[in-house]
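Okay, so chain A shows up in both of these, paired with chain B first and chain C after.
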Partner chain A sequence: MNELIPLMVIVPLMAALLISAFSRFNKVTKIFAFVVAICLPIIPIASNYGLHYFGGYEPMLDNVTNVMFHPAITYSFSFPQQIFIAMIGLLTFLVVFIYLTKYKEVSGPYLFLLFLGTAAVTAMLLTDDIFHMFVFFEILALAQVGIVAASSIDYSYEMALKYMILGSIGSPIMLLGIGFLLALTGSVNVTDIAAAVHNGLVDMTSPVFLLSLGLIFFGWLYASGLPPFHTIKSGIYSKAEPHGAALLQSFTVISMISIVLIMFRIYSSLPIFEVLVVFFSILAMILGVSLALTQTDFRRMIGFLAVGELGFIGLGIGLGTQYAITAGLFQALNEIIITALLFIGFGAIVNATNEVDTRKLGGLLAYHPKVSIMLLIGGLAMAGVPPLSGFQSKLMLVQASLSCGFPEISILAIMVSIATFVVFVKTFYAMFLRPKPNDLEVEGKEVPRSMIFAMGILLIIIILLGIFPDMVINGISSFVGGML
Partner chain B sequence: MAHVQLAILFTSAALVIIGLYSAIFIDNIIKKIIGISFIEEGANLFIVAIGYKPGGVVPILMPGMDTSWFASNAAYPLPFGLVLTSIVIGASTLAVMLALVMVLYRRYGTLSTKVMLADTSKQEEYDE
Partner chain C sequence: MKLYDQIFDVVKQFRKLFSPGPVTNADVSGSITAEIFIIVSIVLAAILLRHVSVLLAGLVTLILAIVLISNIPLIPKFKIEQEDSLEKMLFYAIVVLCIIVVFLYWGGNLV
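Showing the complex of A and B:
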């Protein structure tokens, strides 16, 4: 059933185009979007693991050099891809569901952007071709900009343009890096490039090779929102609709891990690569949580916390051992779920109060107890409180850094987790526990049931992954073992 | 390396550097976008230069051509295919950027990024 592998990209892509074309038929669009969205998590679960060669062009042997090469774009599908694509599919379904139930008249272009982004990140996860990854990286940037610009929040256009300008500088720089790799190896297939590098066909100390690392690394920093792009990344989360932000952060996490895994396969022999990844990850952890502490806009606060959590993922991958990379990927999965829960939950609060400033909020526990409790559990999971999923991945990361001989990094990771806890508890107290300010008008609006449903589903996954982490750790670990 | 290829590589480097200068230091948003296009075209030109082969032929196998002669004389076609895709993406990005600029120009009546893209919190204070 390997034919299902390309369908994971084709289905959302075609759905996006069809929805955009027929958006004037509101009811049909709604039904079609719902049906496609429900298919998205099902396709990866129903598909078998394996490879898909586009055009049926399988790897060939070069008679002159006696080296195998891939003449066509290849999609590789194994357990981590399955779990991540299923999770993105589920999240897209929940976001589309919230959107469809929130508005009577839906916007075709907005649904187009949601599905386009999903298709792009899915392709980035599946592809074994660095240029194909770049193409979808660009498409993803366009979708992200569109999702931000489509929101009704003040200054969303300005933020979208800012993000786009930075992206338009970052993308060609990354393309130059890919060009350097192409010049060195004659291929854009990651397996072929990695084979050429590790078989000594490429001089790893050559300035061109090192420059290609620097250029692709710059593109990765932009895609991941790691410093120096952390401010703009948290900015776009705060300017998107909350359910859109939930999806945007998952796009960031997926693009981060897909690019870093490709870089890892090519550059892992260079010690500087791991040093760079760990350095920027630690910087993200520290800056993310420090800036989150100073925020009064809670959307921006979660944005910075999300950037800090990205640092944990990078840390795991930068440490480079099987256990550490497994921990990093598990952390990525947890971050997607936990941050989505927080964005949707806080979105429910915006919906009810029309206020985002924590200084002007208070006493909301009495008005929205369900949302409060779910947000509390989500926040505790992000801070790494047992037995929730965030605890398991952070514990693994601390153990991994200890076993790699870096106790100082593990101490730092624990301190950042504690700071995350402080940030969350402070915000939770300000919004839910302290007495309601007199001038705060809590409208009698109920939180939409679709939001409660989405949060409930995400919460169940957080608790399940916290109690039974082996459900995913074993599969990810064997994939990482194979990659190493 | 042929002289032509070297000249192309220098041109692409010049385009990237001029583009970076313009995108980072110039305040006018349209000039910034032109700079961004320069960077994109510099990258594209660089990739095209990789596929160049001195004395090579167009990589299209015509009837009657000897395949081994063709294999050793044809230019490398992969970079051209990649650049074609990259140009299309660049055009889409440019269109979206210009559309956003149009909306913001109508709102602010200026093309200065200092006014248009100033920090939103500062803008809020300024508005008050």
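Showing the complex of A and C:
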């Protein structure tokens, strides 16, 4: 069944192209998009774990050095890939479902961008080839720009353009780093590069090797929206349609973990790599949450919180132990789900009120009780309140940093969680609990049922992962153990 | 007394942060929380320098605490620096590249 592995990329990619080509036929496009979207979470669940070599070029053994070489572009599929791809597939399905039910006439190019982004992050997760990863990273960046530019929110073009300009700095710098690695090792296969580095074929203190780390690291900061790119990342979330923002943040999280895991495999012997990851993760946590506290636009607030949460993921990877990396990846999975729930939920409020300023909102609990309760639980999950999924991953991260001898980081993580809780209490009070302002019109504006359905599905997953975290943690831990 | 006046003045300055538009209690309390959070978290993060040198960590923590507290309110300044201007984003991208170079130059040979 390993033939299903490339299909995880090919299916959304082909769907994107076909939908774009035949978007004139509205009804057919809708049905086709819906069917493909349903297939996306099913394919990774139905597929067996294993490797796929494009072109059928199997690895070759060098009898002199006893080293394996991988001539083909290789896709590696194991438990973390399965769970993340299934989650991205589910999220794509929910987002496409919301989009299809929201508009009578659907836009082929917009659906093209959604499926293209999904194909790109799936390929980034699966690939064992650093250049292949870069190509899909570029495709993903273009899809993200398109999703933001296609929204009908003011200044979305401007924000998309800024993101593209910053990307034109981050991406070539990353490509240069990959070029240096290729020059040093003669390969773009990550397993081959890691073997060359760890077998002493590459001098780890050589300036070229260190420079490649610095350049790829900078590209990673752009991909993941860590400082200095936290402002633009939160900006593009706030300028995209709410369902689009839910998918965009999941793209960011996936590209973050796929690149950092590749970097970890290559550079983990260099202590400075872990120092850099921890430094920028702490910076993201501090800046993200403190700026979220001062926002009055709640979409921007969620954007900054999402950036702050990325710091937790980086922290887990940066600490570098099996337990810490497992916690980081579990946090990544939780963030994808929780932030998507919040973006869709707050999007539902925008849909019902046409207002994004918390100062002009109030009393919405009486009008939209289902949305408000689900948003509250989502907010509590993000803040790390038990027994929700965010609590489990954050507790693991606190324990991991304590066991690594960094109690300061544990205290900081707890402080960030408390500050996140404050953000939610403040926003929830402002939007739902205080008296409704007289000039706010909410009568007769219903929240689309598809949004409530999507929130309900995500909420169930949050509660399930909170109560039964082991169903994910054990598989991730085994994968991380193998990687280390 | 001077510090008390300074803290009281912070609340007044938050008005500018939220203009145009009304300033609610929740916004001001959120900003004060952010102010305290940012000072404490930066000082706390500076303690991590003890893994390099205990003396350095002590000095940096002390200096940071004094500089940050005497410069409140920090949040309006932070917010101005973190706005959506492309020039500022590019400036900080270059600053971060420099930081990475500094890290690798002095820490790259720790194998």
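By definition in this document, the second predicted complex is superposed on the first by the 478 of 484 C-alpha atoms of A that agree within 3 Å, B and C clash if a C-alpha of one lies under 4 Å from a C-alpha of the other, contacts with A are read in each partner's own complex, and residues count from 1 in each chain.
Keep in mind that, in the parts below, contacts are C-beta pairs under 8 Å (C-beta built on N, C-alpha and C of every residue); 3 or more make two chains touch, one makes a residue touch a chain.
What you see is a predicted model; the values in this text were computed from it and never measured.
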Original post:
Looking at the overlay, what does A:K436 touch: chain B (first), chain C (second), both, or neither?
Top reply: neither
Original post:
Of the partners chain B and chain C, which touch A:H198 in the superposed model: first, second, both, neither?
Top reply: neither
Subject >> Touched partner set for A:V135, first chain B, second chain C, both or neither >> reply: first
Original post:
In this superposed model, does chain C or chain B come into contact with more residues of chain A?
Top reply: C
Original post:
Which of the two partners, first being chain B and second being chain C, lies in contact with A:A149: first, second, both, or neither?
Top reply: first
**OP:** Kindly classify A:G179 by the partners it touches after superposition: chain B alone (first), chain C alone (second), both, or neither?
**Re:** first
**OP:** For A:I232, select first, second, both or neither according to whether it touches chain B, chain C, the two together, or no partner.
**Re:** second
Original post:
Which holds for A:V188: it touches chain B only (first), chain C only (second), both, or neither?
Top reply: first
Original post:
With the two structures laid over each other on chain A, which partner does A:I165 touch: chain B (first), chain C (second), both, or neither?
Top reply: both
Original post:
In the superposed arrangement, which partner chain does A:K102 touch: chain B (first), chain C (second), both, or neither?
Top reply: neither
Original post:
Do any residues of chain A touch both chain B and chain C, and if so, which are they?
Top reply: 159, 162, 165, 169, 173, 235
Original post:
Contact residues on chain B for chain A in the complex?
Top reply: 16, 20, 23-24, 29, 32-33, 36, 39-40, 42-44, 46-47, 50, 76, 78-79, 82, 85-86, 89-90, 92-93, 96-97, 100-101, 103-104, 107, 116-117, 120, 123
Subject >> Contacting residues of chain A [partner chain C, same complex] >> reply: 159, 162, 165-166, 169-170, 173, 204-205, 210-211, 213-214, 217-218, 221, 227-232, 235, 269-272, 275-276, 279, 282, 285-287, 289-291, 293-294, 296, 357-359, 406, 408-409, 411-412, 415-416, 419, 422-423, 426, 429-430
Original post:
Contact residues on chain C for chain A in the complex?
Top reply: 17-18, 21-22, 24, 26-27, 29-31, 33-34, 37-38, 40-42, 44-45, 47-48, 75, 78-79, 82-84, 86, 88-90, 92-93, 95-97, 100-101, 103-104, 107-111
Original post:
For chain A, which residues count as touching chain B in their complex?
Top reply: 131, 135, 138-139, 141-142, 145-146, 149, 154-155, 157-162, 164-165, 167-169, 171-173, 175-176, 179, 182-183, 186-188, 235
